[in-house]
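First chain A sits with chain B, and in the next complex the same chain sits with chain C.
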Partner chain A sequence: MFSSFMINTWIAGTAIALVAAFVGYFVVIRRSAFAAHALPLGAFPGAAAANLLGVNPFVGLLVFVGMGVLLLRQLARMGRRDVATGLLLVLFLGMGALFLSMTNEYAPEVFSLLFGEMLGVSKADLWPILGICAVVSVLMITIYRPLLLDSSFPDLAALKGIPAARMDLLFLSLLALVTASALPVVGAFLVFTLLVGPPAAAQALSTHPLRSLLLAVIFAEGSIWLAIALSYWSNWPIGFFVGMIGAGLFNLARSYRSWSQRQRGAKLLAIS
Partner chain B sequence: MTNQRAILAVADLSVDLGGRSILRDVSFNLYPGQLCALIGENGAGKTTLLRTLLGLISQRAGTVLIDGEVPRKHRALVGYVPQKITFDPDLPLRTRDLVRLGLDGHHLGLPLWNSRTDAAVDAALQAVGAEDFADRRVGELSGGQQQRAVIAHALVRKPRLLILDEPLANLDFGSANALVDLLGKLIAQQQMTVLVTAHDMNPLIPVMDRLVYLVDGRAATGTVAEVVQPEVLSKLYGYPVSVLRHGGRILVLPDAPENADVANLNRCAGH
Partner chain C sequence: MLAFLSSQPVQTALIVGTCAALVSALIGVFTVLRGNAFAGHALADVSSAGGAASFLLGISPLLGFLGMAWIAAFGMEFLGVRKARERDLATGVVLGAGLGLSALFLYLDVTTTSTTGATVSVMFGSLFAISRGLIWPAILAVLAVFSLVGVFYRPLILTAVDPDLATLRGVSPRWMGLLQLLVLGLAVAVCALAIGAVLATALLIGPAGAAIRLSRRPGQAIVWAMLFALAAVWVGIWMAYESYYWFSGNAWPVSFFVVVLIFVFYVLAMLGSAQHRKLRRGAATALPGLQES
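Now for the complex of A and B:
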């Protein structure tokens, strides 16, 4: 399980889980889960176009996810962000289908970017992934407080001179970067779970902002390590396990929270 | 008092939004330690006036000076409590975290532990009487408690001017009275200057020093005795209105049309 061809997967998975928890923490607070679902799908047309042109799929992916951020900003500026996000999602899928139809050879890179490939991490892939994760971590720590205020109470943030539009663009760009780094391992359809499952579970359990962020990181690391191990033993796709663990965690944490709320309510009733 | 510098000086202010004229030639001054009520109905331009004072909207004409400077330069001098803040019940923030973001939310880097910051946060929580729910999730608080949390968020940077947009809307009588007491206390104990908007002036009359009465973008300003007069308000509304005073309460009503059929009015009242 820790043989040389698996070691890259462990390293990449650990780095990805860290930044996915960081960015996902704000995805949940900003209620941007739909955008976090749509943006990674830029990988599909990106990889298909790269396959068609014979360039590195990672490049195609970055180009399309980046274009997705700009397009989403542009469409959302006219109002109805949810509609804009939905249209972007279908636009991505449609373009991917078009590019894929232009080539008649089977495209394994496309498949692995969509569903994840545990052994898909080569030494050459590892450095860009680690580089992106380092950049995202530093940026997240730097803008933590303004982003927290802007995500929680946009009205109050504007009064402190925190520009909402620029924060949104910065946040979507960070989301796109995390997506791009996570895709080769967990896949476009499933990176979403890693982004929202662990942070949402953590926020249900802890009310302390930094402690719930730390808990989100622990949950994300636990999820991906478990998923890698289970996938190795079972030979089932890693994305399946990431999805199952994320949904399970969320469900458990939410159940615990509503149970403890009921307990507190009962205690208050007993006192009065 | 007038030889003191005005903390807020608004002169001949006109604001347009989307090509429509929202405020026309509004002028008033506010001096340290005063409470000024901005009274008007929905759409009279109250929120637009506040947003202009905060530097979030630019005016077409006129000036706004906060302690002698344009609003954008004096963010730390003004604390603002917006009308409606919706708290996500799942937000991983306690009341004290929200208050702390009022102090250092615009700073970069992670919020590290600091005894001076903690003391400032505790003082703001105490000033609004929020100690009891300081460690509870903000999204789980009652409406009145959430409002106190936001006031503490606005107070923690020790502003000289505190602006509250419709703080009495959606509060029951008891909570409204408690809030009016709190505002009076802040002025007395912290030498705060307060600007409050409201539909109804009555709950604020005991603590109010000045009044800006806004009708359709135009304002009459002065003390309650100066402004709430049939002649002044009739001119502002553009039609005759009456002012009824009863037991310290004031009611402003449009006059009945002159040719109203008295018998008809009586018949309606009888039913």
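Now for the complex of A and C:
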């Protein structure tokens, strides 16, 4: 399990889970779940196009995810945000299908881009992934306080002179970077689960920002390690385990919360 | 044109495509009015697991899509998320679990039944490869949706536009919600069969989103949505057929053309309505007596 060809996967998985938890925490409190779902799918044709042109997949991923961010903001300014996001996402998916249909290895390629490929991390891929993760972490620490304020109390943030539009763009860019690094490992569809599952579970357990963030990181690392290990043993796709563990965590956390609330309620009743 | 119409795969594609366009336009207007675009999309994505499972079980793909869409719809309803804040998260988590399942089923399809094209046809559709036996089930699904919506048209519209008023009028929101999910599942299944599970969203929300920009009245919006959807599907099928000659033997996928056309319609409708509003506002300032109705 820790043989040489798996080492890259373990390192990349750990780095990705860390930044995914950071950014995912803000996805949850800013309620931009749909955007977090749309961006990875927007990046997917980038990988397909890079494959077609024979360039580095990260170049394609970054170009397309950047386009996705710009278009998302443009469309959101023009109309109903959810319909615009949905249509954009489908348009990008359609393009991905087109690019992939032009290559020879259609079916396996589609599968690994959508649902992840555990052994897809080569030595050459590892450095871009680690580089992106480092950039995201540094940016995240720099803008943590203003972003937190802007996400939880937009009015107060505006009063303090934090520009909401710029914060939104910054946040979406961070999301885009995380997407580009995570997509080759967990697949376009499951980047979203990794982003939303652990922070949503953490949020159900604690609303204190730092504690919740820490919990999210622990959950994210735990789920990706478990997913890699299970996928290695069973040979089943990693995306399956990421999706199932995410849903399981969320449900467990929510049931625990409602159980503890009921306990507290019972105690209060007993005292009074 | 004659060669186009007399080809059997094209005929099947046109019939199934028309079914998908009609139901999606009708249901899409309700979905977009209720602000359920994300839920509709999630449902379509999750239904892919059913499509993938149908290869394993050897049942009709339409049944597979439908079964999973219904399970997901009732799952979301059962998670019972009343707070809007948690609704997106719960939807997202169901979505993740569904796509994870779909990853597993597609993997098993490839390894155990050697149906290598399953991933592509379930996810992105292959309208020219649909078997003729699926025409009747698709038509039946459309008839079921139209008769259900026909009978409950007024309460459905009222619940979609103003749930509080609907409750006051004695419409049970729970039954209407259930009915909405039932027909949404049917629509999702037909669309997923036609242009693929993950692209079905385009048909479900695109034409309706464009139509709502052009008309505020639900009935009119449904007619506009049907026109957009039919145009996108028919022209898309024709373009995909012809693309074989355009790109010297490398036909492009039908679903790609349909999705692009829907996107173009949506952008045009948006620009058109913005222009229209600007003209009206211009007229109102030029003639102060003329107020916007």
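In this text, the second predicted complex is superposed on the first by the 261 of 272 C-alpha atoms of A that agree within 3 Å, B and C clash if a C-alpha of one lies under 4 Å from a C-alpha of the other, contacts with A are read in each partner's own complex, and residues count from 1 in each chain.
To be clear about the criterion, contacts are C-beta pairs under 8 Å (C-beta built on N, C-alpha and C of every residue); 3 or more make two chains touch, one makes a residue touch a chain.
Quantities reported herein were computed from a predicted structural model and do not represent experimental measurements.
Peer 1: Clash or fit: chain B and chain C on chain A?
Peer 2: fit
Peer 1: Report, please, how wide the angle is at the C-alpha centre of chain A between chain B and chain C, in steps of 10 degrees.
Peer 2: The vertex angle at chain A equals 90 degrees.
Peer 1: Is A:89 contacted by the first partner chain B, the second partner chain C, both or neither?
Peer 2: Only chain C; A:89 stays clear of chain B.
Peer 1: Looking at chain A, does chain C or chain B touch more of its residues?
Peer 2: Between chain B and chain C, the winner on chain A residue contacts is C.
Peer 1: Using the superposition on chain A described above, determine whether A:247 touches chain B (first), chain C (second), both, or neither.
Peer 2: second
Peer 1: Applying the document's definition of touch, where does A:162 land relative to chain B and chain C: first, second, both, or neither?
Peer 2: first
Peer 1: Given the touch rule stated above, what does A:111 touch, chain B (first), chain C (second), both, or neither?
Peer 2: Second partner only.
Peer 1: For A:123, is the partner it touches chain B (first), chain C (second), both, or none of the two (neither)?
Peer 2: In the superposition, A:123 touches no partner, neither chain B nor chain C.
Peer 1: Contact-wise, after the overlay, does A:236 reach chain B, chain C, both or neither (first, second, both, neither)?
Peer 2: Touch status of A:236: second partner only.
Peer 1: By the touch definition at the top of the document, which applies to A:143: first (chain B), second (chain C), both, or neither?
Peer 2: After superposition on chain A, A:143 lies in contact with chain B alone.
Peer 1: In whole Å, how close do chain B and chain C get at the C-alpha level once superposed?
Peer 2: It is 6 Å, taken between the nearest C-alpha atoms.
Peer 1: Check chain A for residues that touch chain B in one structure and chain C in the other, and list them.
Peer 2: 28, 31, 200
Peer 1: Taking the complex as given, what residues does chain C use to touch chain A?
Peer 2: The touching residues are 32, 35, 37-38, 40-41, 45, 85, 88-89, 91-104, 106-107, 110, 116-120, 123-124, 196, 198-199, 201-202, 205-206, 209, 213, 250, 252-253, 255-256, 259-260, 262-263, 266, 270, 274.
Peer 1: If we count contacts the way the header does, which residues on chain A are in touch with chain B in the complex?
Peer 2: Touching chain B: residues 28-29, 31, 141-146, 148-149, 152-153, 155-162, 200, 202-204, 206-210, 212-213 of chain A.
Peer 1: In their complex, what parts of chain A are in touch with chain C?
Peer 2: Per the touch definition, chain A meets chain C at residues 28, 31, 33-34, 36-37, 41, 78-80, 82-91, 93-95, 97-98, 100-102, 106-107, 110-111, 114-116, 187, 189-190, 192-193, 196-197, 200, 236-237, 239-244, 246-247, 250-251.
Peer 1: Report the residues of chain B in contact with chain A in the complex, numbered from low to high.
Peer 2: Going by the criterion above, the answer is residues 54, 56, 72, 75, 78, 80, 82, 85, 88, 90-94, 97-98, 101-102, 104-111, 135-137, 150, 153.
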